[in-house]
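Each of the two complexes below includes subunit A, the first together with subunit B, the second together with subunit C.
Entry: the complex of A and B
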């Protein structure tokens, strides 16, 4: 079935479409990242909740303001100082781990001795800043830089590629790495997209094929079923289905999301494939197969369904986009992904930060999602052009 | 024609019965009473609540009772002082008062429906008109310049626009258009959020949500309308028109637009139910007390009677508009009703 499909004229047309191939490349990168994270590489779920730096640190190309720099300094100094000053200084110091950045000093007394004079400089600088005299004093900026360099020596250098990238897109309001969270969200998004699109297309193909091929009562029942499901507005159905699981054992897992999406999404492929099978079953080769004496089930599965492969691919691609976008909306409404970062969860959190002019979280989630959705949009268009050019 | 309409109507009855069945089953997966009262509620309170909605009866009885409420339009009733005061037994009082909400005591589903429909419509109807006008113009231009630079630019930006989440448009729209304008320029043109009735307040509260939903919908609509136009441009009557010497512009805007109106109107008709629904996200984000938000609130406050009734009503409206679309389509295109 697959071999025949990949040798078809449509596929050759698709391969010649350069834009579609670029999109396919982008999708493969996302899929590769998904598999790596699925196997436990790159980012673990727990790591997306760890503190990696000060609160709302800005990303790589934005220059932090003096106020932000002072805030970061306060965090980095205080993080060590309060640990060394606590009741169990050794244990507290050893517990500090900013995603691989450890304290360079392990002796609490040495830490306090090092940081105490730094606090004095820090307080002076804060006072200058609060009096709006920071820019008047030419000494203050070099002093701040010196202090920052000093504070940096208190921590070890980040380890590995991930450690260096953890601060690349800044941190959210709890000091968690935006890059790691956005990266981990790829896993959630692709997982939801794959599971929902695969199941929906499978259900839709089987039901749609059966409805058109067997006709009669089967057709009536299946058409009734999808008319029923499609008569409830899509977003309302999603909300009701997802809300069905509130308070149950599945709350907090992805099961409500999968269920809601699969029960909503099978309608589109079912309709399309029913229409296509209606056309196919009248063709001569089906009559020939019947004349040879093949069973009806066999004709449907081996002779008719394989000829709808292109529609399955188009629908898979469209539903994948649908699932990713709907996940964002459901998560925003608190009905979707919970206890895990996802682009929807990130955008939801970012609404608080946008008001204060901090765009890194929403920007990162949007860009990561935009690239994937755009690639799938381009691919769906190309698939449609290649296999179903008459489609409006 | 009439047989077609009748057939269409008869056919939608089992569909609606199915919707109600599906909806009632979904909402009873988790015990709605336990969800509303929480874990600390006493046994008596639990039973009393259950009986007040008739949830202790068998599912079949509940099903037919709910259908009765829908068919007799009991859901749009609002409390009527005189009837409530009369003493003709509990059941009669209950019937005359309509269906009461759980979380908003003393309010009925009818009141909630009546109050929220205006805010919803005041956003969705202008949004639909704007989207329709703008996207048809863009689609026509795009089809006119088909394959050339303007067409490519417009289609590329449509795909780009479609790839961004609706939420991002809302968040940035609110931040730039409402928040920053108010703060930096001290222009109080757009409200950051909220809603007040009255036409004078419309632009202040509703224009920004309308613009946002127009921009979001434009990507999808433009592509669809362009595809329609491109398909029409390959028809025989276009060749005939060209052969008799019509200008390209006249063919585009007179001959083609007229024929393209059928799929366009069908698409508009199919979006009508969403006009009533409103945009849940916009209403939530801009704090507009419309239908979508009423539904969302009822889901989150476990307000079972309101959720059940609102979804059933939405589905009913949806079904009616689907029938209207089909009938309209059959009216303008006789091939449909003959098949």
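Entry: the complex of A and C
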């Protein structure tokens, strides 16, 4: 069965489509990352809330301004001082674990001794900067660089790959790693996409199939149901549902999001499958099955529904991106993901940063999402072309 | 007693429309058809496209619910039974469809298709399933490799053989063949027809053979029912069809068939006029609008189907 599927015309056509294969590759990477995080590798939820550096640090690819450099220096020196002062870096840094970059405190007193002159240099530089005399003095820039290098020696190297990448895309206003948060959001996005698309397609297929196949009252009820649901503006329905879960045991989990999406998303596959089943049930092979004496349930499940799989594929793919995009809107309205980072949450937080000209957070969230959505769009089109019986 | 007796079978399809989806009219597909089939016989049903042949055939095995009439099979009334009570008759009565492309599930291999049917009715013990499938495949003249192929890998003629195998799997005694060859190339038609006749002879089947080609019917059937617009206009034996045919429509059908012998001085009547719509039946004879020998009376009154000699029945005022 499986072998036949992979040799079928549809699959061969899909494989020949270069762009679709690239998209499939991109999606595979996202899925791989999703599974790794789902199994507890790469990034864990707590790590996305930890401070990894100064506030709104820029990413590796942007040169920070003098003002930003001074701000970062202040943060790191301050941090170093309080760690040395309390003598146990672990204790003082309990709230602000710099992703494994601990101050090197072999001898706290010696460290404090070394920090004091650094503070003096720092104060002088700040003074110069505030007097707008920083660029006039040719000595000042080398002094700043020297100071930065000195401060850096007082910290250990970051741990592992994630530690080194934690600052790659800078930090947000609370000093949390944008890279880690954007990466972790893949898990949330794919999770929402998979759950909602699967459930919606399943509900849509069952209801649409039943409506078309049994007709009569069943059809009337189901058509009435989806007409009613699609008449309610979808954002409003989402808001009402999200509000309904306030105070319940599911508050703060993803359950309200899943419920809201599944209640609105099943309509599209339901319509399409209903139309297809109406067409299929008139075909003579269905009559042949009746003539043999097969029951109606068996005919529907074994002879009709399997012939709508191409529609299920396409709808799944469309709903998957639909859910990811809707999550952003919902989170933006503060009704979506709670207690966890997601691209929607990040974009919402970034609105304040954007005003002050800091684009790293919104950029990262958008690009991570854009690549996935684009890949899925390309794939949906390719699926449609490859599996639609009218095209083969 | 005849194996199958159909009495006054009527099928109207409601036509819905308007804002409230109310029934706004009916398509009169079959209008009070009566006939009987003797065990072991082949009854032909002939008529042009849209005259209700398929609808009649499907009503007989209740794939379409008839609007009215009665039907006895082997003395038992079928139209009163509920669907679950029909099960014993499902094994006895099977159908071969007109369109070999839409009559096979594209997702089932030949083997899976036959297996489901055989297993559902427990025709053979489980361990004999495969052997029986191969036997059926051989019986309809397909190669053993066909077993693992999907319908799209076959030609139209081969698909029709698969359809025949599916019907035969239940070991029925009565088969409705709904234009089994009309969708096939002429060269393939003869092969499939010969196969059907061989099977009929070997298995002692009773057939209801639907076709729009009187030539084919004449060749294979014992009796023929000529339909026009859902009515029977004539029923007669197939021996000496040309000599006996009385109804002007039957004569026109005979004339419309290509004649092998060019010297045959038969009147090749070409019908003029339009077929009335089954949506809006005429008051008088349904054939009046095209009949070459039409009289005033024909347009006013419906001629009854009257018995002539040798069981021949004709519905016409004009002919004697």
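Note that in this section the second predicted complex is superposed on the first by the 363 of 392 C-alpha atoms of A that agree within 3 Å, B and C clash if a C-alpha of one lies under 4 Å from a C-alpha of the other, contacts with A are read in each partner's own complex, and residues count from 1 in each chain.
Following the convention adopted for this analysis, contacts are C-beta pairs under 8 Å (C-beta built on N, C-alpha and C of every residue); 3 or more make two chains touch, one makes a residue touch a chain.
The structure presented is a predicted model; accordingly, all values stated were derived computationally and were not measured.
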item	value
Contacts of A:28 with subunit B and subunit C, given as first, second, both or neither	neither
A:283 touches, of subunit B and subunit C: first, second, both or neither?	second
Partner chain(s) touched by A:307 [first = subunit B, second = subunit C, both, neither]	second
Between subunit B and subunit C, more extensive residue contact with subunit A	B
Partner chain in contact with A:339 - subunit B first, subunit C second, else both or neither	neither
Partner chain(s) touched by A:293 [first = subunit B, second = subunit C, both, neither]	second
Partner chain(s) touched by A:231 [first = subunit B, second = subunit C, both, neither]	first
Overlap of subunit C and subunit B interfaces on subunit A (superposed complexes)	none
Subunit B residues touching subunit A - in the complex, by the definition given at the top	12, 14-16, 18-19, 22-23, 26-27, 29-30, 35, 159-160, 162-168, 171-172, 175, 179, 224, 227-228, 231, 263, 273-274, 277, 280-281, 284, 295-296, 299-300, 307, 311, 314-315, 318-319, 322
Interface residues, subunit C side, partner subunit A - complex	58, 61, 63, 86-87, 90-91, 93-95, 97-99, 102-107, 116-117, 120-121, 150, 163, 166, 170
Touch list for subunit A against partner subunit B, complex	224-225, 227-229, 231-233, 235-236, 239-241, 243-248, 325, 328-329, 332-334, 343-344, 347, 350-351, 354-355, 362, 366, 369-370, 373-374, 377-378, 381, 392
In the complex, subunit A residues that touch subunit C	4, 283-285, 287-294, 302-303, 306-307
